[in-house]
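Chains: A, B, C and D, in written order; residue numbering restarts at 1 for each.
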Amino acid sequence: MGKIGIVYYSRGGNTEKMAHAVYEGAKSEAGVEVELKKAEETSLDELTRWDGIIVGSPTYYGLPAAPVKELFDRSVKRHGMLEGKVGGAFSSSANVGGGNETTIMGIIQMMLIHGMIVKGSSKGDHYGPVSLGEPDERVKKQCKNLGATIAKMVKKMPIC
Amino acid sequence: MGKIGIVYYSRGGNTEKMAHAVYEGAKSEAGVEVELKKAEETSLDELTRWDGIIVGSPTYYGLPAAPVKELFDRSVKRHGMLEGKVGGAFSSSANVGGGNETTIMGIIQMMLIHGMIVKGSSKGDHYGPVSLGEPDERVKKQCKNLGATIAKMVKKMPIC
Amino acid sequence: MGKIGIVYYSRGGNTEKMAHAVYEGAKSEAGVEVELKKAEETSLDELTRWDGIIVGSPTYYGLPAAPVKELFDRSVKRHGMLEGKVGGAFSSSANVGGGNETTIMGIIQMMLIHGMIVKGSSKGDHYGPVSLGEPDERVKKQCKNLGATIAKMVKKMPIC
Amino acid sequence: MGKIGIVYYSRGGNTEKMAHAVYEGAKSEAGVEVELKKAEETSLDELTRWDGIIVGSPTYYGLPAAPVKELFDRSVKRHGMLEGKVGGAFSSSANVGGGNETTIMGIIQMMLIHGMIVKGSSKGDHYGPVSLGEPDERVKKQCKNLGATIAKMVKKMPIC
């Protein structure tokens, strides 16, 4: 049974709300287990156990928040063991043009360096869901779609 | 007297409207000459003659439009001659999370490779002005600010 | 039978040599058809027919060459039809720190906006193969691996 | 008298060696004070006091190391106060294509969001000095050039 971990950092609560919507979307697919974890409380064993990893962060200076980066820095001890896993990213931000895309691309870069597999979207937020302030219905739907997509991909593993 | 070129590509007209607002902002500073040119009609002599170069593009697949890229590809013949010039970038886009930040960062990367000097903004659109659809008053103000900022920087040249 | 298109632009010949190595790697997998095309000669019908698309470009000002960008700009007419396809990228460059990573990430961004699926590598060149000057044996091996990986992924389609 | 802070994080020592070369280059310019600080030991008062800030990080998963990100996350308390300051970035990395360019661009993005001014280079490492492993003479020279360039720019402040 495929396992998905949704890892997030949130201070104001917006990224957390997005994480819950991603969780809901992933849960809507049969045949996967889904866990929701704060970045600071995520262990390396969990990273290696999960088949899909979805990471959310607020937009802090156009890059993921330090606790998210810290998790990836720690993960170097398991470098190679995330190869071929499926990944996705999302971010909440104060405003348009405020660095949300580069934050998501930053998470995607970290995943690619781990050898992970990511998918964009031809509709809506292309790199991953972005919320400007509190997530509205449009954003929540994008988050659910992300969760469902990752779940479907996980069920196809191994993909290569 | 400092010279500024505002170079843009526009098909729908939104980037062109932004370019006009940037022009207005640059013109508001005394002691600089400002020219507005389409990317396809910009010559390498103009690029090397200008002290400040501001480039605008619609967001096409998260990168500047091909005619903007084509101008930079051509500019390799003057590589080294843009060193120390001042640059800025702006983009219009269909939607949030649609690649506008990465388009602006793409333009900034091309400028950095030419040895140019760029400045972000701690307020509003940090990397450069972004318009979602037709530029509204907020966007136009950001564009004017960009033009005025580049004009002020040009008057300080040589900066290094 | 899965179909893979390797699309490249090359003036000096280095990117073309990389493309040939990618081709060889893809061909080494049974059960896929592989085509090698210049970006300028690639039709939109080919893009939509292929299941996997691997794009190579020289590093020009830290972004893909204009003819590669032009192909993606044209592809907007088929927007949505590349959703779920598999993608990969590679680049040749004059020197380290010269913009090769951002060129590859630029191609990956365009693919994500099309809704495509990309995979990094935990070993070697993480975002995609990079050649500094003429491709040596190390680079050719990376290119072959990329071709083989994309072929394996294509055989798993639909991935979501 | 212009003040420059060189802030770095280093575990293996390579980024630290680069930082020392940057320091030497900055010191070679008359009329500036230069300080060398570890990211973990840098205070917000220092960030706001310095006119030029040069940041170095090892390449960890294609982005600056967590302690460097942590410093920028903390700096939000002084948001707006770094506007118009001069910035530069450098990185050490295990290998080509390993994420060093995206690490440097990540630092530059954070600086742009602070409203800082950055300059690329038309020669050598365009976005900022990159060392593959231990810095050799070529890298050290690039680092010295970066330090000297930032010092020259600081002497021109205010630039806008």
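Note that in this section a contact is a pair of C-beta atoms (placed from the backbone, for glycine too) under 8 Å apart; a residue touches a chain by one contact, two chains touch by 3 or more.
From a predicted model like this one, the values you see are computed outputs, not experimental measurements.
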item: Leftover contact groups, counting everything except subunit C; value: one piece
item: Far-end chain from subunit D, centres as C-alpha averages; value: C
item: Between subunit D and subunit B, distance of the C-alpha-averaged centres to the nearest whole Å; value: 25
item: Length of the line joining the C-alpha centres of subunit A and subunit D, rounded to whole Å; value: 29
item: CA centroid of subunit C to CA centroid of subunit D, Å; value: 33
item: Residue numbers of subunit B (touch at least two other chains); value: 62, 98-99, 102, 105, 109, 112-114, 126-127
item: Contact set on subunit B toward subunit C in their complex; value: 60-67, 69-70, 72-73, 75-76, 98-99, 102, 106, 109-110, 112-114
item: Of subunit C, residues touching subunit D in the complex; value: 62, 95-102, 104-105, 124-130, 132
item: Subunit A contact footprint on subunit C (complex, rising order); value: 79-80, 82-84, 105, 108-109, 111-123, 126-127, 149, 152-153, 156, 159-160
